[in-house]
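Below, each structure is written out as structure tokens.
Here chain A shows up in two complexes: once beside chain B, once beside chain C.
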Partner chain A sequence: MKRKMILYALLTLAAFVMFFPIMYAFSVSFMTSEDILSRRLLPSSPTLDNYRDVLVSVPILHYLMNSFIVASTATLGMLIVSALAAFIFAFIPFKGRQAVFLLFISTLLIPWEATMIPNFFTIQSLGWMNNYLALTIPFFALAFGTFLLRQHFKTVPQELYEAAQVEGLSNFQFFYKVVVPYAKTSFVTLGIFGFLTTWNMYLWPLLVTTNDTVRTVQIGLRRLQADEVATNWGLVMAGVILVIIPTLILLAAGQKQLQKGLAKGAIK
Partner chain B sequence: MEEGSVKLKHISKSYDKQTFAVKETSVDIQPGEFFVLVGPSGCGKSTMLRMIAGLEEITAGEIYIHGKSANDTPPSRRRISMVFQNYALYPHLTVEENILFGLKVRKVPKKEQLRLCLEATDMLGMTEFLKRKPRELSGGQRQRVALARAVVSQMPICLMDEPLSNLDAKLRGQMRTEIRQLQQKLGITMIYVTHDQVEAMTMGDRMMVLKDGEVQQIGKPLDIYNNPANEFVANFIGAPPMNITEAEVQRDGSLRVHHNNSLTLLPASSNMKMHLGVRPEHILLTKTQETDWELSVKISTVEILGNETLLTFEVGETLWKAKIPGQWHYEKGQVTTIHINKQHIHLFDGRTGKMLPESVGVARKPAAVQGGASI
Partner chain C sequence: MKQQAADILDTKTLTVQDAIDKYKVASTKTWWQKTGNYRIAFLYLLPSLLLFSVFMFYPMIYSLYLSFFFTDAQGTASAFVGWENYTYLFQSAAFRNSVGVTLLFVLYTVPSSVIIALFLALLANEKLRGIGLYRTIFASTLGMSVAASAVIWLFMFHPTAGILNAALTSINLPALSWLQDSTMALVSVAITTIWMNTGFSFLILLGGLQNIDEHLYESARIDGAGYFYRLRRITVPMLSPTLFFIITITFINSFQSFGQVDILTGGGPAEATNLIIYSIYKEAFIYYQFGPASAQAIILFGAVLLLTLLQFKFGEKKVHYQ
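For the complex of A and B:
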């Protein structure tokens, strides 16, 4: 009992430390400028002014929409491309498959920033600046995703593949009728990972957008921060909270799925 | 040739181009036959089944299914069904969906699907489990789902790869009978792989005994039991295995086993090194009219199973086993005499292990030859 109490106390403390920035941001978003300047922890008279202002001063809903389109498209594309690649690596034997796979995986060693400039030139010469294509297509082929899915596909018993062959399924039918449902958990994991990564992207969208048409919300947030006059932090934090909400919803929904998947494996 | 037949012509399989997994195998499997491939693990029996299924490429030779060459036919076009050792049920589908999976792919009309599914599950007593997922079923029930899947496919040939090896002994005995009855009811050709000689003996119309990728013998279970082609088959088929001992051919042309009574040999037998084999169930403890040879032995262990007793005793340097009906009490180290009918003696070539032809062997009493239809 005592052990449990200590454990819970420590966990609560750790959770508090972890969540403090977000909680503080939440609190600040309801404060007036005076409250912020006097460094209060809680707003003296909670106000929704910041939220109203943020909606008026920048096209935040437009940015959110853009982010949503970009993150969903990139996630979907990534899932499809990674899954198909992983399927080949897991099920279709060909000469040098192992070597190709290793080459594929070794791209994990190259940081994204290192390829940024060549990628930028490619996008530019394709004329994709200020276009959703520039924000989504470069993220379709993901070595990490392919690796993750391939590892899960590998656990599909070989007999299932053979049984499917005997029953007359084509490779593609086997892929979407058996393998995809079998590895659903990994798809959810990878989907959440992909969505959050693209949602939080900052540098790349900044590079390939020059106006507001396809600009994502992370850059929009930056725009709330004034460069020359004092920043209205209440306004910025209200924006931050608006941006966090969709990701929190996604996590909550995905976690349920994840737990379901995990429990499924445990019983079997 | 008829539908449902499988013909192998000099089939070979090699994975590394140096050693053979299956070597020069030829066999004709008739429509409606229950054909068993049996052998110890690693003998190539599963490889052979997988070649028939088309899951494994054939290195050399020809295969004919339904009378047509099938070397390049993909598995789905061979009109076969297959039951795997671990059942290969789709874990995300219910029993019903699992059973109907193949029919849906082949676009069989919905009504027909339902009728076939009910028919098959009824036959296998699985109707009440249709909505369950495979993980909610016991091993035996999963096995039945796998069988039902093969049944609804209505394919003229069914291949089974050690389907009973994951079940407990009691269930195995039950499923053995069920599979055999099912095959007879449907009249399909069954090719069945097992390492269990009991399954091979009880289920098969004919069987093929394999060792190291080479066919040892093909024939009806009883013929193989009574006339094993070589020492390996003699040892593999039958439990406990046949007792095999080295025997010396004396100068006078008689055969002697470890200083016991010598046996008179037929004239053609001279100058051969021989191995002598006797099945444990052919050893008697009392002299009867049938027996015409006796050996003095030293008991080493006694296992009383209730309905029968397993005796192990020393015959010279080798250990023999005897299966005697009833309960017998012996002391360890006790010396006793065993009685054998000469017609139950098998002789094998000492070098090749092959069974010796009829002209070579033990001379028998005329009466024994008359009564000995089995050898």
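For the complex of A and C:
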């Protein structure tokens, strides 16, 4: 009993510390500027003015839409490209497969930032500046995603593969009729992971967007902060809340899945 | 089928080899079919290999190439300069400062990130009513983008309007200049980073804890082992592969921090938070010095590579694999 009390006390304290910045931002987003100046914790009379103002003064819905398009496209591409490669590493033996696998592993050693200068030139010469292509295509191939899916694909019983061949299923039919449904959970894991990481990208969109056409919400937030900071923190926080709500919901919904899936993919 | 089998039985006089030669169905596997696996592998691996080549291998090599050249503002290599970009960097006080700041930053963030995440994971691994909610809260920063996190902390660090100084003064402590003081600024950026890292590390470590076999704890409990004994003798050794993974990831993440610097300090004050990625970014995309910037990128690559290899070599021995 006493042990339980201590545990709950520790848990609650830790939760308060961890969650404070988010709750505080939430609270500030409903404050008037007087409340903010007097450094209150909670708004004295909650107002939606900040939300109205941020929607009017900045194209934040447009940024959100861009981010949504970028994150879903990149995630979908990531799932397809990784799944195709993972299928080969799990089912189709050929001479030299080990070497190709090593090539995939070697990409894990290249920090993305070490390649950003030539990548920027590549995007320029392809004419992909201010284009969704620049924000999605480079992220389709992912060694981590390939390993995660391969790990799960390998648990498909060999008998199923043999049965499928007896049935005369082509490799591609086997792939999408048997393997994909069988490994559904790892697709969900990788999907959530992919969406979170691409939604939250910062440096790359900063480099390849120079106007608002495809600019994502993270860069929008940076501009909002730079423009508004001196005058209106409430408005900035309203922007922050709008940006984090989609990913926080996704995370809360998929947290169990992520925890199981990522741990598996990471270790074995 | 039946007919064929009967034929074979009739030909007792033939040697086995003859029989095989005579009745061998001309292999239906043509060269086209035998190479089937190669073709399908090629087809399925092509998207990944193509993208890796264009966006990883080629730019890595091109970075190396650029690091030996002077470039114009468009990034075209104009004059070969050998090691000059590198010698310039090692003589430049700004670059040496950036390396020092990065190392200090790693020291600030990695151990504390891992310890805090481990502490939270141990707490959240207890079987209690309502534990799911706590887990969601602890994992929440995984959903926080670097931009959103940095903007929130920027406000909390604010010298007059910020809640942190309000809290300090309310308990009669002096207010701090979180981001304006050159020593404090790096600590502030580190605090933000640790907070952002925790969600991911927590989730992975919790997953690792839940994979540990319950029976180990039961038998230890029967033997009367206390909580800390079990922690030291069962939990940490069994968790070591996961811990090892998290330490490596946190290390590399620290090296690659950018957004929080960009929003919180812009590298200042007086370059006190000019982490290596921020330095590369400024050199390349603000000053258009692509040669020296590429040399920095190559040094970063070397450092990350060395770290990863060292950790594998060093970590491997200390890690207990199931």
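Simple rule for what comes next: the second predicted complex is superposed on the first by the 247 of 268 C-alpha atoms of A that agree within 3 Å, B and C clash if a C-alpha of one lies under 4 Å from a C-alpha of the other, contacts with A are read in each partner's own complex, and residues count from 1 in each chain.
The criterion applied here is as follows: a residue touches a chain if its C-beta (ideal position, glycine included) is under 8 Å from a C-beta of that chain, and two chains touch if they have at least 3 such contacts.
Values in this document were obtained by computation on a predicted structure and should not be read as measured data.
Between chain B and chain C, it is C that contacts the larger number of residues in chain A.
Of the two partner chains placed by the overlay, only chain B lies in contact with A:169; chain C stays clear of it.
Shared-chain residue A:178: touches chain B; no touch with chain C. With both structures placed on the common chain, the touch criterion links A:22 to chain C but leaves chain B unconnected. In the superposition on chain A, contact is made by A:97 with chain C only, not with chain B.
Comparing the two interfaces of chain A, the one with chain B and the one with chain C have residues 267 in common.
Chain contact summary for the complex, chain A toward chain B: residues 157, 159-160, 162-163, 165-169, 173, 178, 181-182, 184, 267-268. Listing the residues of chain A that touch chain C in their complex gives 4, 7-8, 10-11, 14-15, 18-19, 21-22, 24-25, 28, 36-37, 39, 41, 80-82, 84-85, 87-88, 92-94, 97, 100, 103-104, 107, 109-122, 137-138, 140-141, 146, 171, 196, 199-200, 202-203, 206-207, 218-219, 221-222, 225, 229, 233, 236-237, 240, 243-244, 247-248, 250-252, 255, 258-260, 262-264, 266-267. Taken in their complex, chain B has these residues touching chain A: 53-55, 74-77, 80-82, 84-88, 90-92, 101-102, 105-106, 135, 153. Chain C meets chain A in the complex at residues 37-38, 40-41, 44-45, 47-52, 54-56, 58-60, 62-63, 66, 75, 119-120, 123-124, 126, 128, 131, 134-149, 151-156, 161-163, 166, 195, 198, 203-204, 206-208, 210-211, 241-242, 245, 252, 255-256, 258-259, 262-263, 277, 280-281, 284-285, 290, 293-294, 297-298, 300-301, 304-305, 308.
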